[in-house]
Amino acid sequence: MIPRYARKEMVDIWEPATKFRIWYEIEAHACDAQAKLGVIPQENADAVWKAKDVEFDVARIDEIEAVTKHDVIAFLTHLAEHVGAEEARFVHQGMTSSDVLDTTFNVQLVRAADILLADMDKVLAALKTRAYEHKDTVRIGRSHGIHAEPTTMGLTFARFYAELARGKARLEAARAEVATGAISGAVGTFANIDPAVEEHVCEKMDLRPEPISTQVIPRDRHAMFFATLGVIASSIENIAIEIRHMQRTEVLEAEEFFSKGQKGSSAMPHKRNPVLTENLTGLARLVRMAVVPAMENVALWHERDISHSSVERGIGPDTTVTLDFALNRLAGVIEKLVVYPENMLKNMNKFKGLVMSQRVLLALTQAGVSREDAYRLVQRNAMKVWEEGKDFREELLADADVRRALSEAEINEKFDLGYHTKHVDTIFRRVFGE
Amino acid sequence: MIPRYARKEMVDIWEPATKFRIWYEIEAHACDAQAKLGVIPQENADAVWKAKDVEFDVARIDEIEAVTKHDVIAFLTHLAEHVGAEEARFVHQGMTSSDVLDTTFNVQLVRAADILLADMDKVLAALKTRAYEHKDTVRIGRSHGIHAEPTTMGLTFARFYAELARGKARLEAARAEVATGAISGAVGTFANIDPAVEEHVCEKMDLRPEPISTQVIPRDRHAMFFATLGVIASSIENIAIEIRHMQRTEVLEAEEFFSKGQKGSSAMPHKRNPVLTENLTGLARLVRMAVVPAMENVALWHERDISHSSVERGIGPDTTVTLDFALNRLAGVIEKLVVYPENMLKNMNKFKGLVMSQRVLLALTQAGVSREDAYRLVQRNAMKVWEEGKDFREELLADADVRRALSEAEINEKFDLGYHTKHVDTIFRRVFGE
Amino acid sequence: MIPRYARKEMVDIWEPATKFRIWYEIEAHACDAQAKLGVIPQENADAVWKAKDVEFDVARIDEIEAVTKHDVIAFLTHLAEHVGAEEARFVHQGMTSSDVLDTTFNVQLVRAADILLADMDKVLAALKTRAYEHKDTVRIGRSHGIHAEPTTMGLTFARFYAELARGKARLEAARAEVATGAISGAVGTFANIDPAVEEHVCEKMDLRPEPISTQVIPRDRHAMFFATLGVIASSIENIAIEIRHMQRTEVLEAEEFFSKGQKGSSAMPHKRNPVLTENLTGLARLVRMAVVPAMENVALWHERDISHSSVERGIGPDTTVTLDFALNRLAGVIEKLVVYPENMLKNMNKFKGLVMSQRVLLALTQAGVSREDAYRLVQRNAMKVWEEGKDFREELLADADVRRALSEAEINEKFDLGYHTKHVDTIFRRVFGE
Amino acid sequence: MIPRYARKEMVDIWEPATKFRIWYEIEAHACDAQAKLGVIPQENADAVWKAKDVEFDVARIDEIEAVTKHDVIAFLTHLAEHVGAEEARFVHQGMTSSDVLDTTFNVQLVRAADILLADMDKVLAALKTRAYEHKDTVRIGRSHGIHAEPTTMGLTFARFYAELARGKARLEAARAEVATGAISGAVGTFANIDPAVEEHVCEKMDLRPEPISTQVIPRDRHAMFFATLGVIASSIENIAIEIRHMQRTEVLEAEEFFSKGQKGSSAMPHKRNPVLTENLTGLARLVRMAVVPAMENVALWHERDISHSSVERGIGPDTTVTLDFALNRLAGVIEKLVVYPENMLKNMNKFKGLVMSQRVLLALTQAGVSREDAYRLVQRNAMKVWEEGKDFREELLADADVRRALSEAEINEKFDLGYHTKHVDTIFRRVFGE
């Protein structure tokens, strides 16, 4: 976790204090269920709730762990210090550490997912606002970085909206993947604990019981979770790259908001750099790098080994914290992005009229010229625009072969921008359903 | 694609002939829609279907491409050789190459997914059969590779079933992700082609129209698709690792089927190696390696660049072919796996009675011994079994401190295997819903 | 391996026929050494060389393997068909399959590395030529995609040269990593074969004996090899991205060579796309994806398992073939790259004089203005150029605060391009050592 | 960085205080060089050294950065607070932030590499000691997890020694890769700063001048650095997996040291788990996950973009800290590993005599039996050992076909263990050069 790319809300989920709190709740709920089953005395279950408002002493627990070399045992020992050794005697009975650890990890991932989902809503809202704002702001569409045909800035925002809306749906599915808990004992057989305990704890912690656990909750769930975050990060990169391109000096169709007092460069006072979206590009890589280790974590030996644990101690917090930060940063970038419609028009006309070449090609074909001939006619005029700075429309008007097929009016009509934007409303309806 | 790890059915999807066939269908259906809209003459649309039964000449198309350096134009030129240059004049009108290429790629991925889904059904069926067959075959559960407590072989099969059933549900979602088509023209604005054409073509090709495309279908869909295959591959690895462990000489609880005439080693005639599951371990890596590049493919420049294309030419076929092969191999391994229940019992009793240590611990606690004391009592007897080969039950019976808390009958009762399998039926119901 | 991105020379290394040829040589050389040691009769060793000019029948070997399910045994059986069963009796004696397979794989990797090294020489030569050609071609340097200060096109080529020269040195080291062979028997103890055999075979195959093998050559060597290819691929991507940026319509400082008859787009006849460098971007991803599985291959079980094998059947050929193709394509792109010096100048002056802001800042500081004040003075004039299209030099001349520190002549002198190129020769000497 | 897997020595390298200290040294040395060149007054250069013993106030610098949004400017502002605004006027002159940042990052990586190299020495020393200790401790070699032929525990340690010795050599090369500095100004042209400054600073900081930088030091160097760490991590995983296998209950040929008071499981008091090597397996994944993003960092836009920065803020500390911890943990595991030679013998004889099958095969061949027949003879006796628990030697003695070729004495001689260890000294000489 990199402090400068971390928001407190998400960081808190991964604090030791939060973890111990969740451990406590799981143990206490388990005691309730055990008492109800008659396995342990009701008063011992009740006693555990005495610690309800305790803030556990992380340093003390660490101290105990230094001796026992086992974190859950250290916590239970500390809990007994609050509840009383005698009363705490039945805490954790029939359970294994992983019952607590794995269920807790999933609680944390679910909470993290909830924050991420809210983040995505922010980004989606910003994208939608900007999409409608620039629905009709014409700019050139580009393939291969080369001018193609006109489109609108609104469509750009709209497609990012559609992409992140898919991302959100995927994240909801990923959240469901990890919203399970397991209290199934040493190797998942419920030998020492009744399935009813698992059901009770899961219900209280807003999880579903894992249908079949071993000692651990199967890691394919987590692999899917982190893979999904990786895809969302890739979509963030996609948007970031677009904005970085738009801001480059020669294009300058948009700029990240540049606040008063901000310095683009210590050496070059004229600079205004797209540092936020460059940063998002890097953050996307950081999120994505969790995907492969999360997949390598799936194949555990027999009922479980613990190779996954250190990986998850890293990627659990790091990936969710980084993605949360990135989504928030992205929301801000989009909300405040400064758009330059005039520059869009200027860029589009860099090669005068050239971007209309396909329409002319189609018109020639419609007028009976063979596809091959039409392509040749258009290309020969296009290259003059490209290489000699000529005006495409004028060249076409002056080309006898073209004129044999198309009248002056027909040629002129091909340069109408409205032709390219006529289906924008249709597409917006598809995307925003309005 | 590695020929030895490839099945014809899946390979066929990626053959040039299949690709051209799909291109043809898209173009022909698009002509139908264009004719219905009155954009092109009906007879020209009809003429395209003259090629309905043609097997396109891949070598001829390659020949043309060598000149045009453009694959779709090469195909269209060849199509015109069949349909007639005049009649073919309106084919592809208003479309851009990517309309054909991307829609085709998705058709291929959907078909690949359908094969993979059928493969998974085979694996699931095998796992279920073996799970019921060995529902009550007791073996030791292991955490960290160390004996823990008894479980059954049926539970092992059942958890793999549950894991792959999740995998199948994920694959269905991944299939839906890529089941879209786009016929939206140069930069996705439908400037030169009506959205109705896209709708018609998609319906005919069993796809949904992509709500907003640029020139390409957005690659977050494909990133999600390949990520999902990576998770499934990781589950295959998980099963493979289990079987490899079971077959190792000291364990020998199961073996891959070893056919007559097969040689395990050219040098050591006594060898029977788990080569199929070792192979599956490697194949899982091959599938998984597509995940990161598929994510790197998401961020394209502006409306599209073509950096993703070479990647997809590789991972499209390679990943689906490898996973298809792996799933089929896995199905065979499971169906034919030779299980050795006697060895399971023998292994479980390697340290006599030791695996019952938790039950004794719980019993001591229930009998009023503090958790800490109980742990110490159990551990000191356990270590004698571990280090001196003693019998755990006998040591307990001979330990005065233990006997103060537990009677002989109570101690003996803790060594009943049925205690560990009492919830197997419950778990099977959860997994198989029966 | 994707046929369209494959060159025959590299593909040949991975053909079954090549593989069997290397197998044969290893076996024959081993027989020589065994005969010299007196382990097998000299005439049997000599007999093996009868097959010296045989082209082995790949289909026949496959046929035998279908029965034995063991490739080396299949080959040996086939070899006996040529040499005579009796004479061939001692072939492979004391060896294990991996002695042959692993030594062969390394021979192939070494040969592949040699081709790649030659490829890199081609790229380096092209970069050097273009670097000197454009040593003094001034263009704007850009950080964050934003104009910074002037540099030259020659420096761009020179830095790519330096980067790939490092890549070549790395590849030489990687070649050395895999230039080992092992003929050490079943678990690497030389129990059944004398180390002298290994020495002889390695010498004949231009390899060093692996100091300690198990049954296999340790896979950290191969991990390092493929990691190195991944770094080189990343450098290719670096160059490709630069060219793609230079070709984008608004920049147009360079273009990939566009041959006669080539069509940029089936729909838009005006297009000239940087498809080769976009392709290189994708190919880089394909090469890079081998890195992680090659690392996952390192941890084999005990003396060996065979999980690495399928991975290497994939990445061995695929990665070297793809990188070889990419390097050759890159050499061509650089050799033929069309550079537009006028556009470079035009772009540099998009914001008139602005790129000289740092020099003015320094001059102000030198003239006694505090750094903070100087920054403010420069930035306020810079922003007028940026936002209102003013000329930076004129604004400075008109700014009373600036003029208090700098005279007109001093200001004018700051706009001399030679200032920025004065160390180009120094840098070239560092890079090219001339 | 995960606190529980972090050693202070390495963590310190990445503390803000260390970073600012290095920044300071670079700036101060640069001033010296500038003064010597006559670019700035000597007294201003001298003045900077007034801060020589200052511990910079990290919180104060953060405070300034909150306004300037630029870290280097914030530091320089703070430095001026110590040195005096007037005296500090020439600090950083002609330099760009990256001159400081990139040179600093490389200083940190070099220091990190030095610690890692020392770590590797510890591991190597431990491996060597244990190798000689168990040079003649016979155990079964295994391929595919299946018994193959005898080897010794010393050879296992020796091969890990050889592998990590290669790793160390690679790390030395990787250290050299990143041991460069750059003080070349805005776009690397030295326009505003003389190359002599770079030379002076690099000499003082124990770096080589980067032959050609842009604004940044090229990232292929860092990609190579992190790739190398990834390979070393994979070797750690390799060793960890071996130990985990040795400790599994059925094998029990070695155990991690288990200290007094340590608890293997909260629920199962009998457990002693290989948690350290399982942990190392996970840590290896964490190190390895930096490799791909480090490679993605290579392709920066034009002279630089800043996408790499956030990635390096993560992987710089995290990867070196994790690897440092892992190497230290590994050294401890090896030093204290408890080895059980008797269990090794017991395991080897699980299938009585079977592991000698190859020797018998060879003897039969030597005695004139055809290879195919010999294989069949051996296999048919081997299978009886495998399946019926027979003694291999006795079966052979009782097999008339075998006896036709081999006498009783000849057969008995094949079961001599010394046969398998006769070249151990040779191999040790190759590895340890002694």
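Order of writing sets the chain letters: A, B, C and D. Residues in each chain are counted from 1.
Definition applied: a contact is a pair of C-beta atoms (placed from the backbone, for glycine too) under 8 Å apart; a residue touches a chain by one contact, two chains touch by 3 or more.
All values derive from a computational prediction rather than experimental measurement.
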### Query
Same or different for chain C and chain D, when you check if over half of the residue numbers at their contact belong to both copies?
same
## Note on the structure
Matching the CA atoms of chain A with those of chain C requires turning by an angle in degrees, to the nearest 5, of 180
## Note on the structure
Distance in whole angstrom between the CA centres of chain B and chain D is 32
### Query
Where the centres are mean C-alpha positions, what is the separation of chain A from chain B, in Å?
24
### Query
Hey, what residues on chain C touch two or more of the other chains?
76, 94, 142-145, 148-149, 185-186, 192, 244-245, 248, 263, 265, 267-268, 273, 275, 278, 281, 288, 292, 296, 301, 305-306, 358
### Message
Which stretch or stretches of chain C touch chain B in the complex?
### Response
1-2, 4-5, 67-70, 72-73, 76, 92, 94-97, 185-186, 192, 244, 248, 259, 261-263, 265-268, 273, 275, 278-279, 281-283, 285-286, 288-290, 292-293, 296-297, 301, 305-311, 313-315, 318, 322
### Message
Could you list, by residue number, the parts of chain D that touch chain C in their complex?
### Response
76, 85, 89-90, 93-94, 141-145, 148-151, 155, 158-159, 162-163, 166-167, 170, 173, 177, 185-192, 195, 209, 211-215, 218, 220-221, 223-224, 227-228, 230-231, 233-235, 237-238, 240-242, 245, 281, 284, 288, 291-292, 295-296, 298-306, 358-359, 362, 365, 370-371, 419-424, 426-427, 430-431
### Query
Where on chain B does chain D make contact in their complex?
140, 142-149, 244-245, 247-251, 263-265, 267-275, 278, 292, 296, 347, 350-351, 354-355, 357-358, 361, 375, 378-379, 382-383, 385-386, 392
